[in-house]
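Shared between the two complexes below is chain A, which has chain B as its partner in the first and chain C in the second.
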Partner chain A sequence: MIRLAFRNLFQSKTRLVISVGGVALALLLILALDAVFMGVERRITAYIEHSGADIWVSQEDVLNLHMASSSLTDSTARKVKMVSGVDSVTPIHYVANNIVVGDERNLAYIIGIPEAAKFGGPWRIISGRSLPGEGEAIIDGNVAEKSGIRLGDKVKILGEELEVVGLSEETSSLVNSIAFISMKDFEELRGTYDTISFLLVKVEDGESPALVAARIEAQVRDVTAQTRVDFAGQERKVVKDMSTDLITIMNLIGFLIGLAVMALTIYTSTLSRRREYGMLKALGARNANLYQVVLAQALLSVTLGFFFGLAITLFISFLIPMLGTNLTLVVSPLSLIKVGSASLVIAALSAMLPIRQIAGLDPAMVFRGR
Partner chain B sequence: MTLARRNLVQDKVRLMLSISGVALAVMLILILKGFLSGMNRQITAYLDHSSGSLVVAQEDVVNLLGATSLLPNGISQKTEAIRGVDQAIPILSQFVILDLHGKKQPAYMIGYEADLGGGPWELVSGREPVSKREIVFDQVLANRHGLKIGEEVEVLGSEFTIVGLSKGTASWMTSFFFVRKRDAEDLLLSPGATSFLLLNISNGADLDETLRRLNNLSGVNALTKQEMAANDLKLFAKVFSAPLKLMVGIAFLVGTMIVGLVIYTATVERQREYGVIKAVGAQNRFLYQVVLIQALFASVTGSLLGVLLANGAAQWIMSTRPQFLIVFDLMDMSQALIAGIGMALIASIFPTRVVARLAPAEVFRK
Partner chain C sequence: MTSSSNGTTLQIAHVSKKYGSGSTEVTAVHDVSLSVYPGEIVLIMGPSGSGKTTLLSMLGVLLKPTEGEIHLNSTTISALAESQLPDIRLKQFGFIFQDFNLLSALTALENVAIVTELAGTKSGEARRKAASLLTELGLGERLHFLPEKLSGGEKQRVAIARALVNDPSLILADEPTANLDSKIGHEIMRLLRHIAKEQGRSVVIVSHDQRIKDIADRVLWLEDGEFKETVTMAIDPVCGMSVEREKAVSVDWQGQTYYFCAQGCRDEFLNTSK
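Now for the complex of A and B:
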């Protein structure tokens, strides 16, 4: 019976291509949207993940980096340093602002880091230096390329002309990029001499970041201390909570479209094989056997569609970054499981449609030449 | 024409499936577009409704929702001293992430002074914040989380009492809420800070000239509210247009595939009939027409149904998830119809190849 399903499926190549293609595209809708949001999640946590810090200390109840503002007094750094288990503390300044090149403005998170910072700087450098001195900046390579900026050129950040001394990688997202300037410049330009935004804490070897974070919160007033993993988790949660409803709606539509395509394919292909099915019935095949053929056919084409859709998604996620956009697509295992199970449901549901046709099939029909 | 209609109508289930497939694809395209234009409307809500016609931001800052703006001290007095400026309304604003019942909700905080303006433009109930730690919350957001006037909501670790609910301030990513400017300063640990000035212009003042004078002040960037709203739109369009185009493209392809599949099978099944017609002297062109008419019928009907479905779905989405605003106009709908016709044209390619290859003699051989 499986062989029959196989043959039914592959007999008409065009029909196979169209139906598998249709299902693949519908599944692609779900996969691609998931991948877009996963890509966003990955990118917005990139700085936190690569900061090198074990613990992030922020203003009390500020749990995020993105779309947030955190302010700590200067003395906080000293107090945190004194907590047992803390190895080193690196303060950073942070504000959402622009990199200005001529008339072009690129939205960026401006990070002010100490000149000899051990953490908090760019983690992958394409060219140039990895730490900015006074009057210098390190900007994202994509942004630089788009604006025609090379090492040694000037860009305006926080109202001041700064020389680009390094170009970084993985520091841009759909929305913005990250630019690094020296702490001194930041303080001068923003007038924030006595406050800092975040503290990046490295714990001593063998110490648990979670325990040290709890100790910091217990001993230092008005701060929130989170391990790197927790902090990145908070960031991901923002994207997730924001996109859940949207993704649900889109997934539902993708699912319905996939269902329509598959139902259509199975229905038409069963219909065009009425005579063969009638023949099988006349030869003694039971309805249950014929259902199996239909179901196997549905499963086979949905499986093909799934892998085809996955292949296209992977291809798109490979292609898009090369087109110079900052959109990154990441296919997650969870999304594969979700789409995989949706495909199974689609196959099962669409195989139900021709049941009536098969059940109503009159074995004698075939002899009557209809 | 009759032939095309008969071919199509003969199998009702198939026709129905194909029409609903196209309808779903068209609906998806429309909803995606409607979603984007709805979001655009929500993004500029504050600038569209707040008082003043000009905005003063920090130098190089051109967006309300993009960059953090911090104006130099004493700028309010300086701008008011400029000829043409009637009144400067200071606001302190910042994106904050609220934690509502364990759900993260980004919202845009506006700190303003009730006697000067810059606050909510439509209160559904309650009043503006006048004393410490009072907040006007968005009605939709409040409903979603079961918050009522008099209840507390936590902003950056401080408890605020809801004293009013505002309308037209919701969005799935940029809901606005309002507090006293002094409270915003406390929350952001930046006493006396001002992000933007909303400027009222005196009657009869020359707008361009006033702008020029304002831009002569150091450390600031003055622009019209419309310009700033356009910049915000551009910023968000940049973020959403790529994924959106991807989705619309896929939806279009899906629709094409569906029409293609249906017309293809309908044609293949009738190969013999087409052969007979060819054998009795019909030209390929005539048969192409038959195929095309079928495709057009399926896709145009599907598109029309898609438009209806999209309207229904939009209403449903907006009533169950009021943070989404979905708007589409006649233009979008006609574009969706054109997309439907495009689907039909492309979809006809498969079956026309079958028809073209058909040998008229074949029918007699069988």
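Now for the complex of A and C:
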């Protein structure tokens, strides 16, 4: 019966193209949106993941980096350094601001790092230096390209003209980028001489970051210490919380379009073969045999649609970065499982109505329906 | 092939079918009885609306009679539960339809194989069986053709192969020659006769086609849901024509009755037999 389903499906090429294409586009909507958000998530947590820190220390109850403000006193760094298991502490300043080139303003997170910082700086450099000195800045390569900036050019950050001495990679997302300046410049420009934003802590070899983080919270007042993994998790949660409603709505729309297309094509396909199903019943096929045909047809169409949609998504995710945009699409295994499951539900639901139709078929129609 | 203890393949006793109830009740078939023997071809004729389709549907257990019983090879099939009927239809009946009713997406081979697969035969064996039957019916070169690429006669032969593939004892044919030209119609009739006479299967045909009388052993006339007239057919031993016994010229010769289309054939028979 599976062969019959396969042949039925491929006999009408137009119907096949409509059903597979429709489902593919609907699933593409879900897959691509997931991939966009996964890309945004990955870019937003990129600095945390590549900071080199095992533990992030912030002001008490500040759980994430973006859209948050953390202020720690100077002495906090010394106190944290004294906690057992801590190898090194790197303070950083952080603020959301702009990179200004002429009249053009590019939203950016500005990181102020010590001139001799072992970590906390850009992790991939396209050209130039990887640490900024006084009067210098390292900006994202995409932003530089978009604004026509080259090494040695000046950009305005925090109201001051700084020379671009390095171009970094993977430091831009759909909405903003990261720029690195020296801690001294940051303090002068912002007037934050006695405070810092975060502490990047490296633990000693063999120490558990989670245990050391717990020790820091126990021994140093008014701070929150999280492992890098937890801190990145909190960051992702912020993105998810902000986008859940949108993703849910778009997913639902994609699901409903896929279901509508599939249900309509499977229904019309069954309707057009009503007489053939009736004849099979007359010859002795059981309803279950015929349900198999309809279900297999729906499943085959949806599977083809799924892989077609996935192929388009992968192609788009490959193409988009080549167009010089800051958008990155990442197809995650979780997204594949989600869309795969949605596809199965679409196949099952779309087969319901045709199955009811077949169940009600009178096999005697083969003698009557001339 | 099996048959019941009284030697019949199919026996229907006082079968009626009524539709609706009260003032809207319509009797499609009324108190019909019939026995069909192995190797016998029974042709049921009658005007449109006479109840032929209803009767055929009941014979094929596609429709339950309101009254009466239908026995197939000593099983009372009219009393079987709905869940048992698909198996009976698959294994005991072969159906042949006026418009062939082949699955348009499957090849000739697959159209036949699918029916025996439904009966539980493994795919490879089903395909071998189907190929052998189709080759026997002269379609060896057409195994992998879709129905749309076959002529009317070829389609009907595929349908006949499909009807035979599960080795049924009874073939039910609904207007098997209606969509065929005269030559192909004759071919199909010969094939049906072969199925009955050489393979010992019972064949019940519902048709308007007078030519089928030539191969029938009995012709029943159904009108207003009842059998009005029964004609028993015989073959003229001289010219080979099919003749109605009741109207034919006959002669008893050495303890047997012979039937002729005309006096001339009778005289020729007697002259050559002396």
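The rule we apply is simple: the second predicted complex is superposed on the first by the 355 of 370 C-alpha atoms of A that agree within 3 Å, B and C clash if a C-alpha of one lies under 4 Å from a C-alpha of the other, contacts with A are read in each partner's own complex, and residues count from 1 in each chain.
As a convention for this text, a contact is a pair of C-beta atoms (placed from the backbone, for glycine too) under 8 Å apart; a residue touches a chain by one contact, two chains touch by 3 or more.
What you see is a predicted model; the values in this text were computed from it and never measured.
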| item | value |
| --- | --- |
| Contacts of A:L314 with chain B and chain C, given as first, second, both or neither | neither |
| Which of chain B and chain C A:A348 touches, first, second, both or neither | neither |
| Contacts of A:E276 with chain B and chain C, given as first, second, both or neither | second |
| Touched partner set for A:L33, first chain B, second chain C, both or neither | first |
| Touching partner for A:N289 - first (chain B), second (chain C), both, neither | second |
| Touched partner set for A:P363, first chain B, second chain C, both or neither | second |
| Partner chain in contact with A:L151 - chain B first, chain C second, else both or neither | neither |
| Per-residue touch tally on chain A - higher for chain B or for chain C | B |
| Residues of chain A that touch chain C when the two form their complex | 1, 3-4, 7-8, 10-11, 275-276, 279-286, 289, 362-364, 366-368, 370 |
| Of all residues in chain C, those that touch chain A in their complex | 53, 56-57, 60, 62-63, 86-91, 93, 95, 97-99, 101, 103-106, 110, 114-115, 117-119, 162, 174 |
| In the complex with chain B, residue positions of chain A that touch it | 12, 14-15, 18-19, 21-22, 25-26, 28-29, 32-33, 36, 59-64, 67-69, 71, 95-98, 100, 105, 107, 156, 158-159, 174-176, 190, 195, 234, 237-238, 240-242, 245-246, 249-250, 253-254, 256-257, 260-261, 263-265, 267-269, 271-272, 316, 320, 325, 327, 353 |
| Complex contacts: residues of chain B adjacent to chain A | 11, 13-14, 17-18, 20-21, 24-25, 27-28, 31, 58-63, 66-68, 70, 94-97, 99, 103-106, 154, 156-157, 172-173, 188-190, 219, 235, 238-239, 242-243, 246-247, 250-251, 253-254, 257-258, 260-262, 264-265, 268-269, 317, 321, 323-324, 350 |
